[in-house]
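Okay, so chain A shows up in both of these, paired with chain B first and chain C after.
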Partner chain A sequence: MKYSSQAVAKPYFIAAIGLFVGQIVFGLVMGLQYVWGDFLFPEIPFNVARMVHTNLLIVWLLFGFMGAAYYLVPEEAERELHSPLLAKVLFWIFLVAGALTILGYLLVPYARLAELTMNDLLPTMGREFLEQPTITKIGIVIVALGFLYNIGMTILAGRKTVVNLVLLTGLLGLAVFFLFSFYVPDNLVLDKYFWWWVVHLWVEGVWELILGALLAFVLIKITGVDREVIEKWLYIIIAMSLITGLIGTGHHFYWIGTPGYWQWWGSIFSAMEPIPFFMMTVFAFNMVNRRRREHPNKAAMLWALGTAVMSFLGAGVWGFLHTLAPVNYYTHGTQITAAHGHMAFYGAYVMIVLTVISYAMPKLRGEEAANPRAQVVEMWSFWLMTVSMVFITLFLTGAGVLQVWMQRYTDVPQAFMVVQDKIAIFYWLREAAGAVFMTGLILYVISFFVTGEKRESVSAGVPDTA
Partner chain B sequence: MADASGKSLAITAEALYLTNLMLAPGLAFVLLLGLYWFNRNTTDALARNHLSQTVGVSLTGGALIAVAGGIFLYLGGLTSGYTLMTLLFYFTFIHSSLIFMGVFGLVKAMAGEHFVYPLIGRLFRA
Partner chain C sequence: MEAVATHPAVQEKSGLPGDFAIWIFIYAELLVFGVFFLAYAFTRARHVELFNTFQQTLNRESGAINTLVLITSSYFVVMAVNAIRRNAAKRCSQWLVLAILGGGVFVVIKLAEFSAKHAEGVTLSTNTFYMFYLSLTFFHFMHVLMGMVILSVVAVKAHRGDYSAEEHTGVETGASYWHMVDLVWIVLFPLVYVLH
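Moving on, here comes the complex of A and B:
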């Protein structure tokens, strides 16, 4: 690595991977609870397992984004991080707060957790994905402010690149839109309306800027293509992301009590949401095809290309599948949504974080790239996780289509639980695919410990034109 | 080495192929056919390669979707949820595969390189 302060990224990456493992464990638990309702009941009820699964996802991705930013920003700004100490302190605050929150979910009934954390003073709990106690949310805001101050000061004092500025814009947006988690109107329509300002405007808005910036950074490094070319692509991609994603929020407003025009706005703009993901695919393959160097980190390149492909499939294709209002009328809240959610999160955000880790971790450990044996193991983990995620998505889509057919698109709709029983086979298959995913993840962790021929710590023979 | 107009033709052909799949089905294909017709005797090998590949694969892809889709409908009937599920899986698989192949084609065209679509492209070598 070029700057010693980039080392603060390492604990963030380690924590991210650890929490990722936890997320998948709870995913497997709740996957089994779909077909074996009493599994681990009453110790871990389904609603708690689901909350832990989704909250861990959000927290570890945030750890990943922050680690990526701490690694990337000094290198782009060509100076040391403003305050490595602040980064380390914030890491421990965030980790402890996150761990306590998860323990709270698991050890105390949710209502009691609300009492203990004095939710009544500023009630923000009880909403899907934003279940964190208010005090944790305040902690997240403090960590985010400290983090933005740290990287903001680094960028202000150093070189301003498009990658840096797009990343900073995305992270600022992430922090700003999280503030809507504190706004809980009594009116249920307004409540859902502004809830989406956090959830949608994160994953289909500002997070796409973070994704674009991280992908651009890794591609600059591993392909050696001129920065100017990559930056032009990045401008167009983020412009399309914001043009389509912001008003595309409307696809969540169809059935919550908002005016009917949202069915038009939501349908039209969200139908265009695959475009930036498609452009990202063309961008990534184009850059790799035009590469001016053979970077020794083949695994990072695989993750980068995989991100482009899987985000287009998961966020683009599977999003489009059920985004038009006349289709969504039948499909909303079915397993089709779960299918889209799984592949989109994995393809876009899990994979980009793993791309950055794959690129940065060897450098943080004093190598240009991991040894070839470790890379082989890592690439195995890539394929196991990616292929099993494709199957998880297909099984959930199959379950969702049948659910729509039997429960929604019929003159004689069957009861919810009757339908659930009839599609149980898909849940078993999904669980099996989930077990394969876990195997891939274990291999991924193992890949960090595989020893082999050590590479040079500096990019000898690999000119860094960026 | 292709000249600029040949490369431009190749890129346009790939862009129309992708537009037909994603934005303007039918209309973009008619434009692609027109482009092919008016440039079918071009001396530029790169343009010929991409024009014949995109037209051929578009036709084959359309046939794959229509014919196999029709067979699924005929065998499964309209009253089964499994028919809808199979159709959806099949369409998504074929359609996404055609898009990804188009991405590779476009990338190659932009780099001024020849491209033969996997599996079905060999039938349409210029």
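Moving on, here comes the complex of A and C:
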């Protein structure tokens, strides 16, 4: 750690990991409810478990992004954070607001939560993924503004690197597009249309800038390759992400009542979305092969390479599978969507946050890298989580293909619940893979507490050279 | 903890003119246009009548003029690269300004074409042919604007004397991109305006 104010990242990372555990617990609950409908009913109905599972994911990733930014921005800008105090205050505001919201979901009926939070004054509740009470949404905006002010001031006053500017652009976009969650038109077509401006333009637009910047930062640090080379790649990757991702929004507009040309625009541009992800894979392996130092943090390098591969598979390949309009006509909203959602979120955003944590956490604890035993445990957790996520994706894809076949792509379509019964075996297998994922996650948490012999060459000033 | 430079700087090597990075970008762009052209071809095969009928409504003269304008502009860019190879930086920048003016003429003619179609009430939803016509030409139009921005940056840098006969990667990079914009139009014009 070069600047003492980078330490504010630590609570953000801890909160992120804690909420991650919560997310997976609810994922397991929900996975079981797929095949055992009454499980935990009426205490935790499926719709509530789903809301908690997805909302926790978004919240912990935001904690991760903010923590990553607080760690990275001062180091890139070569100065202390503008206001560490503000970062600490915002942390607690965000954590308390997030926890209260989740408790609200769990403890009172959703309609009552809407009443309690005076949703009728400015109705924004009730839309998938954007279920948060209006006051929580306002809280998110305040936290985001304070956060952007804090890192923006740091960046403007310090050294301006491409990594910092791309990161800032991504985070600004994140805040701006979230504002569409306050816009709820009466017209159902427009309502869905602008809903995607938050959901799609986040994950297939501005978040990719954040992903690119974070990956570039970690690669610069662990490979020692020239910044100029990495920055050039970053430029091309984000340009391609933006061109394909922004117009690619059209792949959500096929069947919601928008004009037909979106089927062409959406299909063609979103079909190109795997390209920047593929370039990211080539880029990451290229940089690691050209490395000019052997960084002691092997786990961080594994996570970085894992991100590059899994984001290409999950976001790129599994997205392409059902992005073309003629294909999507049959697959829309089936388990194929769920398969893509799981591997894309894990491969791109979960893994990049874990990459940054893996790199930064030892430094925040005063070491160059975690001790070798802890790293071995962490790498085990990497493989358990990643491989089980591959299986979750494959099982859901199998379920989805059968679902499409029996329910849609046939002359004698069967009813939804009849088909669900027939594909139940895939849900059981998915749940088993989910249990393995949970095991991996527990190992991941344990890895922070594994002690081992101190590395001999641990000293911030002495770099390890190849 | 900082990386130490124990080896000489790693250089991107390639036999291609200009920066290696621009070529990745160019190939990606060509791929997008290529997919668009294929989509056009397959859709046209299923609606030959419709495509032939509405193709007649396009302004072929302005399309042809624009083709000449872009090719001429590409020639100016070639002259700019030649100039910088002779170390004539000022001359290079002048050729680039001419190329940018060519792009400007293209943009004006294209805007006139768009506004004529707009006045007729043609939109992306009018029919499939117009959907392709407007999408393809507009997407290309945006690339012309982008190319003009790139050439402007290069022209300013050339004028400032940032390039020399030895080091002029930037000029070649801008030129390569501009040729790509030109090349796409050379395919686009006959495909959409002429072939029936």
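One rule holds in what follows: the second predicted complex is superposed on the first by the 454 of 466 C-alpha atoms of A that agree within 3 Å, B and C clash if a C-alpha of one lies under 4 Å from a C-alpha of the other, contacts with A are read in each partner's own complex, and residues count from 1 in each chain.
Convention: a residue touches a chain if its C-beta (ideal position, glycine included) is under 8 Å from a C-beta of that chain, and two chains touch if they have at least 3 such contacts.
Since the model is a prediction, treat every value here as computed from it, not as a measurement.
Novice: Does the superposition put A:I236 against chain B (first), chain C (second), both, or neither?
Specialist: second
Novice: Pick one for A:G260: touches chain B only (first), chain C only (second), both, or neither.
Specialist: The answer is second: A:G260 touches chain C but not chain B.
Novice: Using the touch definition from the top, say if A:V225 reaches chain B (first), chain C (second), both or neither.
Specialist: So A:V225 only meets chain C here.
Novice: Touch test for A:L394: chain B only (first), chain C only (second), both, or neither?
Specialist: After superposition on chain A, A:L394 lies in contact with chain B alone.
Novice: Check the residue A:R290 against both partner chains and state whether it touches chain B (first), chain C (second), both, or neither.
Specialist: both
Novice: Tell me which touches more residues of chain A here: chain C or chain B.
Specialist: C
Novice: Answer with first, second, both or neither: which of chain B and chain C does A:Y105 touch in the superposed model?
Specialist: In the superposed model, A:Y105 contacts neither chain B nor chain C.
Novice: Answer with first, second, both or neither: which of chain B and chain C does A:F278 touch in the superposed model?
Specialist: In the superposed model, A:F278 contacts chain B only, not chain C.
Novice: Between chain B and chain C, whom does A:W196 touch in the aligned arrangement: first, second, both, or neither?
Specialist: After superposing on A, A:W196 lies clear of both chain B and chain C.
Novice: Do chain B and chain C touch any of the same residues on chain A, and if so, which?
Specialist: The answer is residues 290 of chain A.
Novice: For chain B, which residues count as touching chain A in their complex?
Specialist: Counting only chain B, the residues touching chain A are 22, 81-82, 84-85, 88-89, 92, 95-96, 99-100, 103-104, 106-108, 110-111.
Novice: Can you check the complex and tell me which residues of chain C touch chain A?
Specialist: 1-7, 9-10, 12, 19, 21, 24-25, 28, 31-32, 35-36, 39, 124-125, 131-132, 135
Novice: Name, in rising order, each residue of chain A that touches chain C in their complex.
Specialist: Chain A residues touching chain C: 2, 220-221, 223-226, 228-229, 232-233, 235-236, 239-240, 243, 259-261, 264-265, 267-269, 271-272, 275, 279, 290, 292-293, 363, 368, 460-461, 463, 465-466.
Novice: Report the residues of chain A in contact with chain B in the complex, numbered from low to high.
Specialist: 274, 278, 281-282, 285-286, 289-290, 309, 313, 317, 321, 394, 397-398, 401-402, 404-406
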